[in-house]
Amino acid sequence: MSATRYTYLGPAGTFTEAALHTLPEAATRELVPLPSVPAALDAVRAGEAAGAFVAIENSVEGAVTATADELATGSPLMIYREVLLPITFALLVRPGTELADVKTVTSHPVAQPQVRRWIGTNLPEARWEAAASNADGARLVQEGQVDGAFAGEFAAALYGLHPLVTDIHDAEAATTRFVLVGRPGRAASPTGWDKTSMVVWLGDNHPGALLELLQEFAVRGVNLMRIESRPTGQGLGNYCFSIDCEGHLTERRVAEALMGLKRICPRVRFLGSYPRADRRDATPRRAGSSDEDFVVAADWLARCLDGRGED
Amino acid sequence: MSATRYTYLGPAGTFTEAALHTLPEAATRELVPLPSVPAALDAVRAGEAAGAFVAIENSVEGAVTATADELATGSPLMIYREVLLPITFALLVRPGTELADVKTVTSHPVAQPQVRRWIGTNLPEARWEAAASNADGARLVQEGQVDGAFAGEFAAALYGLHPLVTDIHDAEAATTRFVLVGRPGRAASPTGWDKTSMVVWLGDNHPGALLELLQEFAVRGVNLMRIESRPTGQGLGNYCFSIDCEGHLTERRVAEALMGLKRICPRVRFLGSYPRADRRDATPRRAGSSDEDFVVAADWLARCLDGRGED
Amino acid sequence: MSATRYTYLGPAGTFTEAALHTLPEAATRELVPLPSVPAALDAVRAGEAAGAFVAIENSVEGAVTATADELATGSPLMIYREVLLPITFALLVRPGTELADVKTVTSHPVAQPQVRRWIGTNLPEARWEAAASNADGARLVQEGQVDGAFAGEFAAALYGLHPLVTDIHDAEAATTRFVLVGRPGRAASPTGWDKTSMVVWLGDNHPGALLELLQEFAVRGVNLMRIESRPTGQGLGNYCFSIDCEGHLTERRVAEALMGLKRICPRVRFLGSYPRADRRDATPRRAGSSDEDFVVAADWLARCLDGRGED
Amino acid sequence: MSATRYTYLGPAGTFTEAALHTLPEAATRELVPLPSVPAALDAVRAGEAAGAFVAIENSVEGAVTATADELATGSPLMIYREVLLPITFALLVRPGTELADVKTVTSHPVAQPQVRRWIGTNLPEARWEAAASNADGARLVQEGQVDGAFAGEFAAALYGLHPLVTDIHDAEAATTRFVLVGRPGRAASPTGWDKTSMVVWLGDNHPGALLELLQEFAVRGVNLMRIESRPTGQGLGNYCFSIDCEGHLTERRVAEALMGLKRICPRVRFLGSYPRADRRDATPRRAGSSDEDFVVAADWLARCLDGRGED
């Protein structure tokens, strides 16, 4: 039944599946691996699944561009949850293979920069090949097409492989951010440690447009957490921006900033307000940006309109 | 009866009185000259008059500081109307006096810079003395204490003097701005060519505070018309700003900008929204700053909160 | 001889003269009181004096507008020194006069707001009249034309009067700022606690012009100390700004900010870099704004142009 | 000989090779295909080639992240030339294959979004597989491992294939931007239609840091052409920005903006000033930003320092 079904970028044995299992409700959902991010999201759009669980940002490789682009286009979807998963790789081989036997290795292209340096040091002669996913790379090893696959250690059992080397990662603290996406609905209640995601298109070739966009946030004391430029597909030099800011749409500072963007930008897509996985109430807020400050100011304005405005 | 009484900075025969007579309702009011701006305003505060008519800005000499400071302090008052009056002076003398006889001249100190150059050219030996008002200067001439007074030509008849020279003014197009001030009440209805006045105090010695103040206006597409710094009396380096901006407090862009100021500044005093005397709908507005733009954005936000937000 | 002559706004017995005597070199100068700020400055312009000593800012009454306007127009002058003088008044009367006898009081108009409240409490029936200077007020008392004059206690002896009440001041810590002005020349050497003064004209009626002006300072980490708007005499709504910023023109951040103003504003007049009388090295500087930071960046740029630019 | 060798992202038959042949000097260079962007760039770093020719931005898929990241890290390189190439694909098949026979298709992952919609319409049942390059996809077809490859029509002859369908592209006007990269050296002379590339790192988690970065450009009248955020590999939330701005480093406005960035950012890498391939002198410049304006302002400042500064 679709109401209990979550799709995810498969196959089984990927980091995505491992991250999905950190959600308590995953235990009671039908988890359906699909071959691409668009496929996972389209199943939600078509009503065949209640949610799709996909990677959206990788601290080493940047935005998982397919996810960002799919959320920016097509019929609207919303983010309801995020999960952070530290990423380290194992080199999976067929039992009996030794390091000296490894001539070809594979991984998803996003994983490649995270293991590039390790390969250079430990397997300088090995040839890297792209796999459709890290788990698919494990399958290629299982089938004997490649000698080694970089994947999560948890994938070894699934494919009858041996984790020859574990804890491989180039950058310290590589983390991937995953999101649970659903059809548009009422946002989760504010928790006090929320973030809000959106996509904002800039207008015609106006040099100061990005500066103006950022000032809509700054003037209301809303801190940005992430800003990624993405091409709009309308020719070089045309961008939209995928933005995460602190706070929840039900907070007045956030609501006023988004209305400001809506007024000056040709297009704004709200992608949801949801709890931060790190549960931090981030950077200090600018004075005057709390909901109470907004209420006090609105009351004062009402009195001014009435001729009763004190200083 | 106080409801039909307007005070003004007297005595009779000043430019203030001439400007006051340009208001249609002046014909049906009891017009009471008082010796100082504070006296004229305090009569309104005390309920002894419905309005006070005072100069607030002179294109040659800048803010009439007494008015700006009186409006910024004491119990709140509001501006309901403005009048612009072009200013030219006549040199008033006792009948029979010729230019060569004029050894001493007088005027209000605010008038002095507007006749300074004329004096330098035409009466280089004459000594200038301060008078409490231009009309009071005429009285001093009448009494024989001074030889000539710079005042409005209309003051000649009042004091039995002769306008020896007329149309004296140093700068082109010297204009004085007068305002009709009353106790706080509902602002006049918006006309489409309105302005809004306020006094804004900056917080502690924060270098970027003025920049932030201006950005509250800029980000909502509200143009400033006038900004005057005034000392707060709390020591050198502490200022408040007397500001006129375009638009009416019932316009959303103006309301949101003022609420923004209220949140970030320790003190904001609303001084009224009223029609511009020049009836111009000034500089072009930034796109996205009309009331309709605000309504569209608020509706969009409401739909976002509801899970029905389209791009 | 003009090289040893300093003019000042007289007559003798004013706060200006008292402040002038705090300058060590005053002891060896011929000190010449003149009847107006323009007269004092014009003597310098004409080469008849080496310096003019005039009030420029009063913490209660704001800019002494005549000084600001005289420095902004006419042939250029420069500020070389500033003096801060705490201001309190004495009520000077003819010997034998008691408080109950005082029906009329006088002072310079700038002094009036500083004694207004004291008069209201202690001499509520007294009538205030304007004097050309506080010292001139003392003369009027001496001559019997007025009963009491508000002036510096030091003026009593000069006019044979008695300081009936001393230490009169409305605002706490009223302070007046005086400057020593000379013909343009090389600025005093930087001391580490300097300030720089200028007058900046804004261009045509461009709504964001003031914001842009402030950003020229902000982006180079130069804090503003004072900004006063002054009408240009070209009609209501046309302003120039009299500005003091931290730092010395020989500091690169200050030089770059002034060159930036020069490029975007129709007119900029440099009024000098000189030591702050309070000897404070004010608000904290933004990182990256020291001369050393500028040199490092310029060296890096030279290497970039050469193809040797490291990160 | 390395001085006449250019590396490029191979194999032969890619769009990169097609773009490289638009450079006049390509005719006299030894063109060496290498299997990855890092390999192509490292050959230049090692002195084994004079230049590397690689894609840097695709109007559909955004930055070619490997290129951006390789230029941001490792030993410095500089961009000397750019080439724009319109991109359309052909579906290459073995001679005799008809559309109904195509069950599997392949392309480089960057190409996939540009043909996604065409596949959905024309080959809804076909399975897409990643290839290491578009040309490598052609090779897979040649070897019979896949039925069809999306690649440039020019690749057909190279692999003995037939262009079954041509002019395939989802977005209008898909264009890829390529750059010729060399070891750091003196930049090409300014042409009047130049651009400047750089990578800028933001400091600690300072909410307004991006706004400040943009203001360094805006205040000098330098328009941005492209800004891409890239993760630094130091954990989620840490970004650097790959930026192209208008103008040449020898222009004063550009030089001053870069020095400003150098002062406020922990790290700035200059990547070169070179002619725009579109030869446009883009958006209008802000008044006051020409080299002549800078010279005039610098001369004025020198006179101010000397005491000869007129307005």
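Which chain is which? They are A, B, C and D, in the order written, and residues in each are numbered from 1.
Operating definition for what follows: a contact is a pair of C-beta atoms (placed from the backbone, for glycine too) under 8 Å apart; a residue touches a chain by one contact, two chains touch by 3 or more.
Note that this is a predicted model, so its numbers are computed, not measured.
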Practice task
Look at both sides of the chain C and chain D contact and report whether the same residue positions are involved, with over half shared, or different ones.
Solution key: same
Practice task
Measure off the straight-line distance from the CA centroid of chain A to the CA centroid of chain D, and report it in whole Å.
Solution key: 25
Exercise for the section: Could you grab the centroid distance between chain B and chain D? Build each centroid from C-alpha atoms only and quote it in angstrom. Expected result: 58
Exercise for the section: With chain centres taken as the means of their Cα atoms, state the distance from chain C to chain D in Å. Expected result: 56
Completion exercise
The positions of chain C in contact with two or more other chains are 215, 218
Practice task
State which pairs of chains touch, listing all of them.
Solution key: A-B, A-D, B-C, C-D
Handout entry: Residues of chain C defined as touching chain D within the complex
Key = 76, 78, 183-187, 212, 215-216, 218-220, 249-250, 255-256, 258-260, 262-264, 267-270, 286-289, 293-294, 296-298, 300-301, 304-311
Handout entry: List of chain B residues in touch with chain C within their complex
Key = 38, 57-62, 65-66, 69, 84, 109, 113, 116, 129-132, 170-175, 177, 205, 207-208, 210-211, 214-215, 218, 223-231, 233-239, 283
